[in-house]
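One structure, pasted below without further comment.
Chain lettering (A, B, C, D and E) follows the sequence in which the chains are written, and residue indices restart at 1 in each chain.
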Amino acid sequence: MQVKGEYKPLIVAFCCNWCSYAGADLAGNNRLNYPDNVKIIKVPCSCRVNPMFVLRAFQRGADGVILCGCHPGDCHYTSGNYYTRRRMALLFSMLNYLGIEKERTRVEWVSAAEGAKFAATMNEFTEAVAALGENKRLEDLRCKK
Amino acid sequence: MNKETENLRKEIVRISGVNPVKCMRCGKCSATCPAYDEMEYHPHQFVYMVESGDIEPLLNSKSLYQCLTCFACVDRCPRGVEPAKLVEAVRLAAVRKQGANHLKADDIPALLDEDLPQQAIVSAFRKYSK
Amino acid sequence: MQRIGVFVCWCGSNIAGTVDVQAVSEALKNEPGVVFSTNYQYMCSQAGQDIIKNAIKEHKLTGMVVCSCSPRMHEATFRKTAAAAGLNSYMVEIANIREQCSWVHKDMQIGTEKAIILGKAAIAKVNLNAPLVPGESPVTKRALVIGGGIAGIQTALDIAEAGFPVDIVETKPTIGGKMAQLDKTFPTLDCAACILTPKMVDVAQNENIRIFSYSEVTEVKGFVGNFDVKIKKKARYVKEDVCTGCGLCTEKCPQKKVPNEFNLGMDNRRAIYIPFAQAVPKVATIDPNACNMLKNGKCGVCAKVCAAGAIDYKQQDEIIEEKYGAIVAATGFNPISMDKFDEYAYNQSKDVITSLEFERLTNAAGPSAGKLIRPSDGKHPHTIVFVQCVGSRCAACAEKGKEYCSKICCMYTAKHAMLTRDKYPDTEVYVFYIDVRTPGKNFDEFYRRAVEEYGVHYIKGMVGKVAPEGDKLMVQASDLLANKQLHIAADLVVLAAAIEPDKSARPLATMLTASMDTNDFFTEAHPKLRPVESPTAGIFLSGACQGPKDIPETVSQASAAAAKVIGLLCKDKLTGNPCVAHSNELMCNGCSSCERVCPYGAITYIDKEFRMPDRTTRVRRVASVNPAVCQGCGACTVACPSGAMDLNGFASKQIMAEVDAICK
Amino acid sequence: MRKCSIQALDTVFETIAEAAVLYLPVDGDNGASYKKWEKGTVMSNALNTVRSPKDFFFPQSENLMEFRTSGKTIEVIDKREEKEDFVVFGVRACDVKSFDILDRVFLNEPCDSYYADRREHGTIVSMACTRPVETCFCQTFGIDASNPAGDLSCWKTETDVYFQANTEKGEKLLAAIAGVTEESDDTAVKAQQEKTREIMKKLPLADLTTEGFGAGKTAELFNAPEWKELSQSCLGCGTCTFVCPTCQCYDIKDFKTGKGVIRFRCWDSCMYSDFTKMAHGNPRLSQLERFRQRFMHKLVYYPENNDGVYSCVGCGRCLAKCPISMNIVKVMRTIGGKADE
Amino acid sequence: MQKVTGELLINKALELLDNGTVNRVLGWKRGEFAYDMTPAVFADAEELKNNFVFNDFCGANFSKYLIAETRKEGKVLVFLKPCDSYSFNQLLTEHRFDREKVYAVGIPCEGMVDISKVKKAAGDGILDIVCENDGLVVKTLYDTDKVIDCKEVLAERCVSCKSRKCVAYDELLGENGDVLDSSRFDEVEKLEKMTEDERYAFWQNELSRCIRCNACRDVCPACTCEKCVFDNPDSGVENKAVSDSFEEKMFHIIRAFHVAGRCTDCGECSRVCPQHIPLHLLNRKFIKDINEFYGDYQAGAEVGSRAPLVNYTVDDLEPSEAVQKGDADNA
């Protein structure tokens, strides 16, 4: 899939422990391919993801950031993903307002049973970010090179 | 549903602002309707027929003009479907389809009658003129 | 600086097939903090675990990273391994190089590169890990059940049977709840009193159970295992321990015109009353709003006739403070008000009644002594119309009805219809329904019997209007299958009113910091897997306060809640999950953001004195997390603008270190 | 003294820009700021830039070095940028004076080589003021706004621009533009100076003096009760220090890039609560102490260590920018007035 | 132009000092010029009479000072303009000071003047400004006296004033105004209508001027953390200077995010920015989004209201829908 030397966007995926991380595991169990430049960070709940983490990822060279959590209503902690939904809605809207490509950020609800959705989401998201090219608008030049 | 019907259905849904899918088929609209016996298509059927795109018969039905627009069905419907608004929208569609100017402004003075409410004139003019 | 060991697992060929494990363990050797790195065929095997244990001892490891399968598979295994070798379990991190690497990539080079990065991220995290020790808290071995209906009774009995003391708090003068008002129960048609009252007696006689009737919970503090509760015992002006329940006072009381709530106001009671014959406790209660003695000091008949001398007009409300380990909410339901349903003429005609009123009318102990009569004129009704879904499944107006299905109405209406036809075969019975929902053991058979054997007219359609006309009720309805509008002259109309949670549930939920849905039903910790627990630890749910339920379901949930309570009370100490939030008090400004997002009510505020750098002291309001209650979701950490709130095991710095390592 | 016509000024700029990077103040929506000259750039006539020209020699943030590790070795990489010659044009008398104050700090032993590098490569062309405003009080510190120092001094009249070299660098630059300038007497300049000095006398702060401040006043002023009132509404932000041409405090910090560590320095402000934070904590715990530090430093400590030179040049930026309108003038009026009593 | 005079306020303050209701007064103190009032605490009647000022240049919002003031002995008198009263409530919602230790007097405000606009209109070298009716008579060094209509030189936040209603006070001087139908989101909308590239260029230009003086944060009544994450070396995001354009954005995004749902839109951040960065456009974007996504919410309108970011409904819109909705360019 990836040709060597070709531009590969770096994707950071925050996955909640209960649904999405398990969904990612299921994608693995079913041997569903998705790009290797997707790297997963486990968090207890999507609501643990601070906007600062999202910005940090971009600063350090990520080209896209995706948050995955339980479907609304299915949160292991009952309400965590509802807060995530509000926080990220506002954060992403703000990033878009500042002229940062909106395709670089995403929230997706992936249940533990949705291995196929996880893989498909990652494929599609990586493709969308790849189409934008390198993240230039939220980069920190000191972290490049 | 062919494209034309689908468009017509969408138009009616748009004009009425009613979402017929919300109907749970309880029939309370028909149970409450004072003009029920005059209609060949009853309020609950009306909703269902719009939902399924079976609008042609409605356009040509007498029922269309039997509805008193008393809004009892709107008031009683447990799902907030508002059948009377659908009836009104289908009426408009019928009028528009005919494309004719049924009522000209000049005709109105002749029609005036002391007992006729002003509102009826205005609403008739709105409905039946182009 | 940590001393970290890295253990790369081949998982046979599962990992080693796509990841050059040797290269991974070599590459990770040079990461900061790493003092040992190796790889092995099966790290989870005994031999693999021995490698880990030896390395921990030999290299004095303070932390370790296992590059292996998903932590969901073997994190617990490796934590135990670490603990066995004397390393704190929470100093273990897993790099998931199987499910999230070797299994999803095909190219060896790509897989190896990714595995190295995942390993580096895990190492970056371990570098910031700190040993965590789960907290412990004692358990008060006493349970509180709030609500004395069948749900509360069953829960209390089960807990008491297991040997734990239980208190029931009931706002009414007697336990028994809604079930005590019912006549027969579906689908077996046994008499409600016959199966309920023995249980009420069991409660009264059980040494482990205390009943606080005519009481309410006013304050709840504390957390799982350690609740401090204040219960207000309202003055009933009768000494409970003295009253023999002979009932003489209730016969002699001159104030006869008090609507009897037990019979839903269909008859009257006295100012001093015992709700019904089998009440538990069987003690009289004086209604202070109706009693002349209490209102203006003119009467005193009851005191005169009471041989036991139980009357005490000077009695005061009493506050009881008790400690509990677990609390069960069993606050039950009520039918909704019919005031907004003008179309059914409920407020216009006495002969339009709710189903619960119908229960009382057919109950042998009810206002008509079990004779089915019209409330208006006492005549026998010959045509009865039952209307289902009155206010249920109503999405149009939140003030009028409820969006949900009330679940029990289909069955009790079938029961009413059947019993009517059985007792009075000359009566025509119509049931108007939208759908008949009978998913339950023997439920559909029951409903079909009503139709097939008892000749009840089930009509698919809704009643649109009920208009009193002379001594008849003109019912206008639709018959959807016949496509007809029907006009029925009925003698009695029975409305299957939707049910809603009891009004006391909302303030109780606030006290318990238990969450509720928009309909004021208590939310369960998980809709499928933890249906009888509230998300707030130590709070359990029993019966209709969690959602509409019939009796069998209520009883099974009640017992399930009891089982959960017993499970909790059996423990001497509670061991918590150490990955909980904690607040850095020096940075906390007490703004309450974290408290508001906490689904468990784990955060409280304390005023604490701080020594300022300039040697003055200042009292500040700061957040304090109860580790026994916190479940570690982390919602508070993001709500906190100053970063005072952080999460053990998933600290901001740790996550950022992972981000950095991945994005390098 | 040489001169050129105002029209010829663009040619002068062009000539200067051939040999060095030329910066000059340019008007923007929100005040003037120094920009790199390109053909067509118009010089601002604004009295002053929002940020002072100290940035050219002492930038807000500057990378010093980078550390990279591989295995057990650490490589230290000098991050000093190769400096090219540059000219800063249009610096006002007060700001020119600020370089003297900074030099005393950075060029004294141990010499700050990063600063020295930039000083060496930079030539300052000053510009005499003709329209001082109410916030100006440079004369309090003995600065003559109509006769600015710098490598090369300039006066702009309605028709011409006059140049006078003061240093070797200035001579060199003047020589470089000899082709587009001509010799001239100083009549016009003298006249302009006279006029400006007259205006200076009419300024509301013309009567402000340094009386009561200076070397040796520490004991007298340190515990003055007025500090409390003066500092009580201070927000503790860094605006005054960051717009100040003479504030020279900095912090050295490390930034982990993921590949290594960049050591950089950046401006710090004595108004910040973590300023000069040491292992034991912070020596100045209250905003009062921090506030006092800033003004005592400018008006007492600095002159004590630097032959009586005050480290304020009266540019007035802090007067215009302080969110709560507290400033050195109010301090001098309150505390200095007290010394009189 | 202000409907209440300084004299009226002084008399009220003297009365409250005199009858012992308060022992000090938070007010604006006369400066060197006509426009540079400093917030000050007056404990002395003479001082109050001589130096207390209230005019069109008294923009400073006092509510944040109450955090420190209420830790002192006795009750403090504070004058609250409508804007300030929202901040006052928001601070109370967040338990930031003891209400019992404040006596709040609500005062009407006709809008405050932006001195930089006056300078633009009247020219440099302002010697004196006298407020007369609805105009300002400006005396300058270089020009003849000019009369400027106050409306022409109002601060941006006052041009698009959201409310003239004092929402918190123990006592009100003058008449209370109403919540206004403000045009405050027009600028935000304009930006939303730009293309992504235009927006990026706009903000790049604005934010690159930031000198990280922290004035916007330090003046903000919603920024009351014991220690800001940007000052805290342990937070992992500490930064002191804008060493890279990323840090400008990081600081301003997070600053605005941390006050999202708590910002009352008092406009102090933009007022104090020495570089005139329109910081309110960031805060207002959040306010506008919150209003549009979750229903109208005005922080500080009432004490104890639940801020939108610590709240939710089960059918909130998805982040992708939100981005679409908040982006007029794509709508």
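The rule is short, and it goes like this: a contact is a pair of C-beta atoms (placed from the backbone, for glycine too) under 8 Å apart; a residue touches a chain by one contact, two chains touch by 3 or more.
As the structure is a computational prediction, the values presented were derived from the model and not from experiment.
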In terms of touching chains, how many steps apart are subunit B and subunit D, taking the shortest path? 2
Least step count from subunit D to subunit E, where 1 means the two chains touch: 1
Both subunit B and subunit C are touched by which chains? none
Centre to centre, using CA atoms, which chain is the farthest one from subunit C? D
Count the C-beta pairs in contact for C-E and for A-C, then report the pair with the higher count. A-C
If we define chain centres by averaging CA atoms, which chain lands farthest from subunit B? Would you check? D
Would you mind pulling out the distance in Å between where the CA atoms of subunit A average out and where those of subunit E do? 37
Rounded to the nearest Å, the gap between Cα centres of subunit C and subunit D is 68
Using mean CA coordinates as chain centres, what's the gap between subunit A and subunit D in Å? 47
The positions of subunit D in contact with two or more other chains are 255, 258-259
Considering subunit A alone, which of its residues make contact with at least two other chains? 51-52, 56, 60-61, 73, 79, 83, 87, 142-143
Numbers and ranges of subunit C residues touching at least 2 other chains: 597, 639, 652, 656, 660, 663-664
Which chains are in touch, pair by pair? A-C, A-D, A-E, B-C, C-D, C-E, D-E
Where on subunit E is subunit A touching in the complex? 188, 191-192, 196-204, 229, 236-237, 243-247, 249-250, 253-254, 256-257, 260, 282, 285-286, 289-290, 293-294, 308-314, 316-323, 325-327
Residue numbers of subunit C touching subunit B in their complex, please. 343, 389, 393-397, 401, 434, 460-465, 476-480, 483, 485
Give every residue of subunit A touching subunit C within the complex, in rising order. 2, 10, 12, 21-22, 24-25, 27-29, 31-34, 36, 39-45, 47-53, 56-57, 60-62, 73-74, 76-80, 83, 87, 119, 143
Where on subunit A does subunit D make contact in their complex? 60-61, 142-143, 145
In their shared complex, at which residues does subunit D touch subunit A? 255, 257-259, 262
